[in-house]
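Dropping the structures in below, format is structure tokens.
Below are two complexes that have chain A in common, paired first with chain B and then with chain C.
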Partner chain A sequence: MKIGYRQAFDKTFTITAGLSVFLMVMALVIILGPMLSRGSKAVFFRGTVEFRKMQLAIFNHGSSDQVQAETARVEKAREPVYELLENFQIGIDVELLTDKTREIYRELGQQLRQMDVDRETYAAIRAKAKDIRDTLSDILESTDKDYVNQGIEVILKLSDDPDFKNTVAEQFFPLARMYGENVKNIDLTQRDQYIAALEEVKDALRKLFGPLPGESTPPMPKDRYGATRWDTAQQSLHQLLWAQAWVETKPGESLEKISVRRDDPQKGQFAGTSLEPLFSLVENNLDDMLQPEFTIYWRYFLDDWVNSHYFGGVGSEIIGTLLLTLLSMMFAVPLGVISAAYLVECADENMVVKIIRTCVNTLAGVPSIVFGLFGLAFFVLFLFPRLNMPSKPCILSAALTLSILVLPVIIRASEEAIKSVPQTYKEASLSLGAGRFRTFVTVTLPAALPGILTGIILSLGRAAGETAPILFTGAVAMGPQPKSLFDGVKTLSYSSLDIATGDRLAMMAPHKQYGVIMTLIILVLCLNILAIIIRWRVAKKLRGY
Partner chain B sequence: MESSGTPNHMIDLSSSAAEFNRPLLLTPGEDLKGYILGHVGRWSLFTITSASVLAVLLIFIFVIREALPFLTQFSLTEFLTSTRWYPEGTPHEFGALALISGSLYVTLGALILAVPLGLSAAVFLSDIAPFKVQQICKPIIEILAAIPSVAYGFFAILVLAPWMQKNLHFSTGANTLNAAVILAIMALPTIISVAEDSLSAIGRDIREASYGLGATRAETMLKVVIPEAHSGIIAAVILGMMRAIGETMVVWMASGNATQIPSPWWDLSQSVRTMTATIAGDMGETPKGSDHYHALYAIGFLLLIFTFSLNLVSEYFLSRVRKAKGR
Partner chain C sequence: MEDNQPQEKPVTQMETQSPVMEKILPAIHIKMDNQKQVTSGTTQDKATCNRCGIISSKEFSFFYGNTCGVKNISMDIYPCMVTAIIGPSGCGKSTFLRSINRMNDLIPHTRAKGRLEVNGINVYDKRTNLVNLRQQVGMVFQKPNPFAKSIFDNVAYGPRLQGIRKKSDLESLVEQCLKDAAIWDEVKDNLNKSALALSGGQQQRLCIARALATRPKLLLMDEPCSALDPLATTRIEDLIEQLKKFYTIVIVTHNMQQAARVSEWTAFFCLGELIEYDKTTRLFTKPGKKQTEDYITGRFG
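For the complex of A and B:
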């Protein structure tokens, strides 16, 4: 019994231990999974014709003939949609019509003056036209359908009037006729609601297909194009088709907010109106109107971003990250490797060396944000002004700060690598008469080089990923590429922070948000996997087979 | 000492003989030159190596230098005991207790999660797992350690926070628990690798003696090996704690940044603000040379003292492990 209990405990212990490792692996998968999969949507997605238009206009990628042909095809497909919209709008948006009526009346006056008619005819025609204008304005304002229909009849009776022949006034009649057609199916008392709903529809259409015909080019590049991706197109389509409405689900109970299709025959906002067919038209023909194609946007890693990461890629961030890390390596690598060489080869274990080791360990333990504070206080505010350099955060101060941060990593890795060179190598060299220096340079260093390289690669990854030290020492969220050592630098790590917390525009494009962090993770992972492979090969070589 | 390699091909004497036409004995001049060069080289190497010492000194000097105006002008007791942090108010109030407690909250929360998990993972890797599994797990731990902290923070705020809000019904997704969970995952690799090293440093003899007495593996680990490896495990915990307390990006993004001590004290669903997050968040908007600016350096100095003393303690325990290994 006792033994059974003990064995059960032993089993539980083993399983718990295994489970904790499993949990750790799961944590890695859970953390990396969503970021990599959502980030990959920035590169692999179904791009629409709007995407290709945008690429051509902003980055000059793609063939212009093809895009033009596609645009023509797409515009033909979209035409009926805009037609429906315009016809409906005339019935609803009365301000437009009222303006038009006034304009016709004014033009008529000018035309009559030029036609050189006598004063009396002029006055008579003017008076008749004025009547029409006022009636039209009245019925446009009115919400009573019968009144509207009577008014239209009155106006249309005048359409045969010879006085109006060949004048601008003829335009009154099609206008009135069209309005009469349009209001047939509309509840005029709810005109205000229609106007609000129509704005929503137009907004959704803009998101799908870009600016409506006749609208001026918007100032923001993001508004100049419709849905560039099939998934955002689906979202905008949903916005187009569905409206939030307060509906009484059960009689006597409070209203509930539910989604209702705008063209729903019973409850839909536009049920029975001339706009009704628009929704199914867009829904069924969205493929033709956007022409989605599977796209691999590999230029994501090269393109600069536009409109706060709404379009474009992370090219400038990648370049900035590489510049910054390589610059910091230029300071840290010589220092670190020489320090390691001294600590392994020359130093006896005395007090001084102990202090140096403690300092290296301390340096490794200093919080990264304190490095940032130090970089700001020392490099930016103390050292640069004294060397007659501009005292502002820049790529040089950021690189120097990072180089101190990665120094202990390089020292430790190089120390390990130099230590792991078999003693026999050195002894063979020494026995041939080479001095200690020559032995180190020609025998130990080449043998330790892969190990040192591993350390350098790992610290490259570390430097690329660190954000806190460069917050105040040189990272910027936007701006041009650094032209000198004294400009700010855009990096992947800082952009990830900015895009996750500060950037409102980027929030509307989650694939871009995740794309930046995916790029950073892939960069760091590649460096680490490279280091692991090198180390594995070195271990194999040192084992001797 | 003997060399283990044997030449497996004959050296072509005729071509290499030309290189050995110099006398083997050095002249006194050459001897002296070599001696001087050797010493000059040694000293210059030493100077370069001292760069890390210099860096540590400079870090301390400059952080203290910028913190000094604050430390002389304002009362230190108020800084350490008041929870009222209103750096832009009139008059300025710099009570950092809520920030210190915020750091402790997320750090201890992370340790509570990470230490048992890390320890049992270390036991699994050192004593239970077959060699193949170890070979697979080590790179995974390395990758876990290599993921940039901003990526962890990104995950915390855009994936974990909405999830917590939806499934755990917290009022905000950016809270102490969120930060603690992510910090625990970040501290795991440190804890696992240091603890595993110290467990492996305990020799086979002790384990075999225990097995020989009839103990099961669980008993051997819990009653013999882990007590024996305690200094390394303490060092592992301290190093994990250092990683957690000095972490900036994750807590800045995930902890919610509300300067308060959660009440009731166990309510981890409330937001806190840590020292590191305060520095990162405030420094950008603070004019250089203002009281607020110097106060942030004072916080940085406090952090530096924390991590420096923790580092010394961990050094002490690690040196004991090394001694035990060399025994």
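For the complex of A and C:
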């Protein structure tokens, strides 16, 4: 009976322990999994021709011949879309048409003056043209379809007028005819809505295919290219196809927002218009228009970013993070190990040492922002000016601040490691006539190395990932790579903060936001794995098998 | 004192010329052998002289905090002799032994009282150069404690400290010491293996080799054979037999036969006090104290 109980307890213990380990792993997977999977979209995705164009233009990667051939192909595929748009635009954009009529009229005057006609004919033609212009202007402004049709009929009757032969005025008639055509399927009372909707469509098209033909090159790199990725292309396509509309689903109830396809035969914005075919055309031929290909953008880890992370990668951030981490370790490790050695080996167990140890332990728990402010106040504002160094946040002050942050961790781990070296090792060395320092360097330190490395591993991850301490002491969101110790440095941690909170443009590229986080996680993981391998090898060497 | 004079000399020479000595070690070995033979011939009766010990302690006590490790030990240990210390467990044998090269310094809150001299130098004087002292006084510990280094590096550690860097010198020295410690045959093929991968007994012999490599004048051995099989024990005893020609050896042992076999002098400790200290033959045949008799005849406790 008793043995039965004991076995049951043993089993419960095993199960509980296993379960807690499992839970921990699950928590890790649940936290890291989504971040990594989303971040991986920054590297693995279906890149469109726009992506390859961008890579060629901005980073000079890829073959220019291939890209040119591709561009020619997609431009051919896109042509009908732009044609449809153009035609429809003429019919709908009243202001444009009004301007055009005015212009025709003005040009007619100039033409007539140059043609040296006599005053009377001039006046007569001008008067007739003025009539046409006014009628056109009237019908363009009118929302009454009958009135418009009558007006157009009136104008078109004049098209055979010999007076207008070979003059600019002839241009009035195709314009009027086309407008008539367009107007047939349009509810004129809602023309303003058409214009607004057309803007949306043009916007979506710009996002899909880059600037429309005839538009000047936009100043921002991000606007110069269409959808570089298939997933953003899908979003833009959705924006192109679907309009948001407020409708009354049941009488008397509040309006509801629903999505309606723009070319929906009943409710669609552009139902029956000459623009209607555009939507299905784009939808069905998007593949041809963008030529998506599966892309592994491994240069993400090398490229510098462009346009606030909208394009490009995190190469400069990775280098900055590594630089900063290594620099801070260069300060923290020797200092930490020496302090730990002093605390263990040299100092007697007196009050002062106890106070120092308590302080170190307390420091380990201080919020990192406090270190950041301390770094700003002490290094940047107090120390550097007194040493005749530039008093501005820089990689040196950031590294020093980080090293103070990780110092307690290193001291504690090293202290434990040094303490755990068997006394007999030291005795052996001392009995052979080695001094204390010699003993420490040649016997204690190597034996304590795995433990010290554990501390370094912990602090490596911390130094690479901390944002608050470098917030005021040297991290910058943009700028060139640091060339000296007195330049700011771009880091992954600060960058992920910046593009997650401060940067409007980066908001539009969520894969890039997650990409930075993913890179940070991978980097810390790699650093840890590297350190663990070193640790393992050291331990193996010490163990001897 | 006169007896002691010629005896001391070669030892002093050895100390002052140490680096040179190491380089021409085999030659010195033989030379010293001769000298020792000569001197041992002339110092037949030095054991009777009570005032010429290489280690001499007077009223020496050692405290761990307030508890007493050993108290009021007064004894002289004679050069080129094997002195055995026997006694029940916890009676302060290790404490006394470790006091001789101040190994107990590492333990906090310890304190020594009285006088302990090695070669005329007061060990517990503040001005004592511990490095010099410990180079003269080698020690083999109760528990084997090789460094987490290769076998070669373990043995070469001491000589390197003394400034011997030349590879060939180190190699011959290491080989010699490993042979002396009766472990050469077992490890000669993999000197680069970690010492921690050896068995306990092998480790102990390695530690002996390591202690020999510094060429100390005095060798303190704290139960060196407790982890060894009879064969290895015999070899260590043979080694002690050889070494005592030019080393002074103090050995702590729980094995009465061993003490009787290898030592010329034996000290019996009990409860931190020196009960009896006499020639081994006399102590084992005609013990002066009842306690000693009880202990060696196994009626102790």
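FYI, the second predicted complex is superposed on the first by the 418 of 545 C-alpha atoms of A that agree within 3 Å, B and C clash if a C-alpha of one lies under 4 Å from a C-alpha of the other, contacts with A are read in each partner's own complex, and residues count from 1 in each chain.
Simple rule for what comes next: a residue touches a chain if its C-beta (ideal position, glycine included) is under 8 Å from a C-beta of that chain, and two chains touch if they have at least 3 such contacts.
Treat the numbers as computed from the prediction; the structure is a model and nothing was measured.
By the touch criterion defined above, A:Glu349 reaches chain C but does not reach chain B.
When the two complexes are overlaid on their common chain A, residue A:Leu432 makes contact with chain C while staying clear of chain B. Contact with chain B, but none with chain C, is seen for A:Ile532 once the two complexes are overlaid on the shared chain. Among chain B and chain C, the chain that touches a larger number of residues in chain A is B.
By the touch criterion defined above, A:Pro408 lies against chain B but remains apart from chain C after alignment on the C-alpha atoms of chain A. Once the two complexes are overlaid on the shared chain, A:Lys541 sits against chain C while remaining clear of chain B. In the superposed model, A:Asp10 lies in contact with chain B only, and not with chain C. In the superposed model, A:Thr424 lies in contact with both chain B and chain C.
Once the two complexes are laid over each other on the shared chain, residue contacts for A:Pro446 go to chain C alone; chain B is not touched.
Comparing the two interfaces of chain A, the one with chain B and the one with chain C have residues 423-424, 427-428, 431, 433, 435 in common.
Taken together, the chain A residues at the contact with chain C in this complex read 348-349, 422-435, 438, 442-443, 446-447, 541-545.
Contacts from chain C toward chain A in the complex involve residues 101, 103, 106, 108, 130-132, 134-135, 137-139, 141, 143, 145-149, 157-158, 161-162, 193-197, 207, 210-211, 214.
Contact residues of chain B toward chain A in the complex are 1, 3-5, 24, 34, 38, 41-42, 45-46, 48-53, 55-56, 58-59, 62-63, 65-66, 116-118, 120-121, 123-125, 128-129, 137, 139-144, 146-155, 157-159, 185, 188, 192, 216-219, 221-222, 239, 242, 245-249, 253, 276, 279-280, 283-284, 288, 296-297, 300, 303-304, 307-308, 310-312, 315. Those residues of chain A whose C-beta lies close enough to touch chain B in the complex are 6-7, 9-10, 12-14, 16-21, 23-25, 27-28, 31-32, 34-35, 335, 338-339, 341-343, 346-347, 355-356, 358-363, 365-374, 376-378, 381-382, 404, 407-408, 411, 423-424, 427-428, 431, 433, 435-437, 458, 461-462, 464-468, 471-472, 493, 496-497, 500-501, 513-514, 517, 520-521, 524-525, 527-529, 532.
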